[in-house]
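Two complexes are shown next, each including subunit A; its partner changes from subunit B in the first to subunit C in the second.
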Partner chain A sequence: MAAARDVVMPGIARPRWTPLEIVFWLAPIAAYVAFPDRRLLLSQIFIYGLFALSLDLVLGYAGILSLGHAAFFGAGAYTAALLAQHGWTEPLSGLVASGAVSAAFGLVVSLLVVPGSELGRLMVTLGVGLLMFEVANHASSITGGVDGLTDLPIGALLGRIPFGLDGRAACAYGFAILLVVFLLARRLVQSPFGLALRGIRENVRRMPAIGVDVNQRLRIVFAVAAGIAGLAGAALTQTTQLCGIDSLGFQRSAELLIMLVLGGAGRLYGALIGATVFIVAQDSLAGLSPDYWQFWLGAALVALVLIARGGLLGALDALRRRVTRGKR
Partner chain B sequence: MRTLIGVLFDGVAYGSLLFLISLGLSVTMGLMSFVNLAHGAFAMMGGFLCVTLMRRLGISFGLTLPLVFVVIGAAGALIELGLYRRLYRASALDQVLFTIGLTFMTGAAATWIWGPSQQPIALPPSLHHQITLLGVDFGVYRLFLVGFVVVLAALLGLGVARTRFGAQLRAAVDNPQAAAGVGINVSLLFSITFALGTGLSGLGGALAIDVLGLDPTFALKYLVYFLLVVVVGGPGSLKGSLAAALLLGVADVAGKYYVPQLGSFVIYAAMIILLVVFPHGLYGRRA
Partner chain C sequence: MIRALQTRDLRRQFGAFTAVDGVSLDVEAGARHAIIGPNGAGKTTLINLITGTLRPDGGDVILGGERVTAVAPHARVKRGLARTFQINTLFPRLTVAESVALAIGERRGQGRDWLRPVAARRSVLDEASELLRSLQLDGDAAVTTRELPYGKQRLLEIALALATKPRVLLLDEPAAGVPSGESQQLIETIERLPAEMAILLIEHDMSLVFRFARRITVMVGGRILTEGSPAEVAADARVREVYLGEAQHG
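This part shows the complex of A and B:
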């Protein structure tokens, strides 16, 4: 048994923590101390990083192209908002409940998404996203319609730290959720389950031959990712005390794709780096009108596809390969 | 009964427009398996071109239509040669990202140039009144639309069935490798078809101003409908696209007329059900 466990399979991610990873996780703490007036922004980075991580599991590891991932983000966001509105103001249990609702919703949607072709999956996820937007838009007596739900009563974190404008609670909350989920996701993609996902992405036809139930694995990862997206949505609702209809919009799904692809899909860290770069860029360009922002967003996408496939981390890898080859 | 006929007629007129705009997308997806989410942007630019020609140069509506067709078709050909051609072998993700990017850029540029509001259009008076047949009012413009698309569909159907070009096109949609193997220049064939398809979608965008409206969000707002026509009809199928477009047009208009509180809910739900029940489209050949 022990011998079998020690066998190193090529291509498996290193299970040990590298110094670079530890530095990576210390960086947000440094940012928290160094930029005390930008803590709300930092909490946004954690939350969108979490959301991008969720898409990375679906797209980067399982290879399912989802154009409606905001449906699950929104499902979590609205669940948390409705819970708070109806008196369940304790944040942690609300967060878990929202994640569970979103995961259950994801499992139902996965039954429709997984069996289809690539184009079919793209269309069904797009359709589910638009459907959810229409539901939230028209059921305005429950969801607040276009205005969303505002001034939600969210209880203090652990009964002590209230979510205030200084962003301290939001930061700690977002960071804790991100770290826990990341550790679980890291474990997941290195497990046999994660390897099976990568096998499915690389060659769907061969996987049944080695005894993998392809559709079952895809359904599970889709539901898990939907749950994570729901956690992100709920965390956004709780830290901002409001829930807008844009959390369900197509733009949100498209921006999420951009974050992930910008950082580099299929490597977990790419999602976090992409989200960081995206949120910081969005914040520093917020002075421009939204149309300019949309234009440059589009231009960035076009440039990414034409020039930098693999995202920032992919480009970094290519650079590193070139440097090491130069040394020899 | 009267309202039923009215709703059916409006649905057919709407479906005709969808068919006109979606045809080019169907060919792109059927022939090159290229996921072109920027297709709605071509239609939108057709609409803006039509409005600008009428307003700035005082050209009549009828005369702008051929101009729009030619200009948008030529623009499509240039974009195909310069950009899309690089991405035929790329993954669906790359294609989706690239074409969403183009759509965002077009939408933002259109807002910058024409402003975010709905564009008004002054149709010629001859198209702008109602006639009453058997006690039901029909808008002349919509009759014109339906007639136009019927004639066009018949011509295209004949072209595909009877001409040498049509035979080559059918062969290439069925099996591009084999078609290239018997000496058909598939990439040239595709460039020509792509230009024709974008020209038609530009034309559709111009014709759609009075029915669907025109503002910078047009490309994203109606993208789902265009995609839906293609996916439900089966990519690359003329007959399938026509059937799907009419079906969707009627379903959407009827849904919004009879259950307005649901809005677009009906069409999105119908889309998901159709996709799950007919994963290869109504006329899909690949089983």
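This part shows the complex of A and C:
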């Protein structure tokens, strides 16, 4: 009875890889082979998927609505850029350093964000995002202001594969970071810490009554997510060898939120699917007309939120439930 | 002798209204103690002051001899004080098993552990199974909380509190909203709780109070009117007047 051994306890999901998940992770490799001229786009999908994963931990699991998540993406992007500009060109160590800087920044910001109400959190994250943008805008001697930092000297990956226009190194790099962070995030959400985050999202009033310091947990997850956002920002800087001020912009925070809601929050894969759909749609539709693209994006968002709660994955779940019910 | 729980001259105002007005309460270890009183007597405010959800305007809360008036609610739980809620305060989209595993894991100090999955923590899950079995909820382990029948949600309320292994348990109207025909299992569960655990019960259902409590405190208008054995309280003319009389009218 393999099935009986699979269930440790009824009601506790056992972390198993489903065939669908394995297919999901093979798909990027297939795309890499099938579309050799779209590898730069593919690397962008990995990086924004990583960024969306970060927001999913904060919003989807812990329930904190952040409108300024680009602040942490940008912190990582500028750290990586400044390191490279000042001679630290080795990408992997630069990546880790950027993630650490961003996580530390996130921990400081969490002290302001976590104690607030829902609206308060929205405003504080929005405010921090705007603040960071203006700081980068005005400190142009360091950040390059609106022009950003360009032609950054980024060393070859592992000392061998240079980041070139063919996107090979960018793809391998982005995919590897995404996979490693995803595996860790998957562990995290299945752990007691992850269960407690879901508990906070489900009923924040009960948590103190079972002995949980809610604000401490939220500070931790906020810092972890900020670190992941920083990794994404650093990866974007390194793979493109430039760092634009738009990496800190409100637009970036808003797009990120759209990606996550589009894919479905609180399930990790929703973040990745949302980022993929967003970037592919943007790329294919924006070519026709930029306004047109935003129109359809807006329509899709409204439709998804009204018709199917839980984004694309939520809609799929609802469909699957309907089909299985129909069979009975 | 150190009492399981004491309050000293607790006071709390809401604007001009004094909800709790100088309440001093002693709860012995292993007590079966009930607080009764008409609506607005300040019972729930008192619970919130004891658990730390509300800050008192004056007075102290003493838990196992330690003054905890300034201690945060979650830290009071760590010191052995647990509560249930009058209105279900559960995790709607967690399963029953996840809910109790969460509370047990937290008591064991695993709450910040992020590497090993919950599903791999044998001892937590064994304890969760045992706890659910003791409350006859083991058949519902895989049910999502919001799909659980109301009576069983009331049991899960108690299960979450018990998972913290309290020395003092505050039950805030555990039978609230449960039809009398279905309350039997709930009452039996409460009666079977470990003898060494001090239990402070707030309840409107007089049959439950008199069946369960060995000591009763009567609150009226934010103050203690009287306190004594069930027989003493039942015989007290003032109590009949302000509370039992009113209950009969109601």
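Criterion: the second predicted complex is superposed on the first by the 301 of 328 C-alpha atoms of A that agree within 3 Å, B and C clash if a C-alpha of one lies under 4 Å from a C-alpha of the other, contacts with A are read in each partner's own complex, and residues count from 1 in each chain.
As a convention for this text, a contact is a pair of C-beta atoms (placed from the backbone, for glycine too) under 8 Å apart; a residue touches a chain by one contact, two chains touch by 3 or more.
Predicted model, so just to flag it, every value in this text is computed and none were measured.
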Which of the two partners, first being subunit B and second being subunit C, lies in contact with A:190: first, second, both, or neither? second
Per the overlay, which chain contacts more subunit A residues, subunit B or subunit C? B
When the two structures are overlaid on chain A, which partner does A:88 contact: first (subunit B), second (subunit C), both, or neither? neither
For A:25 in the superposed arrangement: first (subunit B), second (subunit C), both or neither? neither
Quick check on the superposed pair: does A:65 touch subunit B, subunit C, both, or neither? Answer first, second, both or neither. first
Does subunit B (first) or subunit C (second) touch A:300, or do both, or does neither? first
Any idea which subunit A residues touch subunit C in the complex? 8-15, 187-188, 190-196, 198-199, 202-203, 205-214, 217, 220
Complex contacts: residues of subunit B adjacent to subunit A: 29, 35, 86-87, 90, 92-94, 96-98, 100-109, 111-112, 116, 220, 224, 227-228, 231, 235, 261-265, 268-269, 271-272, 275-276, 279-280
What residues of subunit C sit close enough to touch subunit A in their complex? 51, 53, 72-75, 77-78, 82-83, 85, 89-99, 101-103, 105-107, 110-122, 125, 128-129, 141-143, 160-161, 163-164
For subunit A, which residues are in contact with subunit B within the complex? 59, 65, 67, 112, 115-120, 122-124, 126-128, 130-131, 134-135, 137-138, 250, 254, 257-258, 261, 265, 291-292, 294-295, 297-302, 304-306, 309
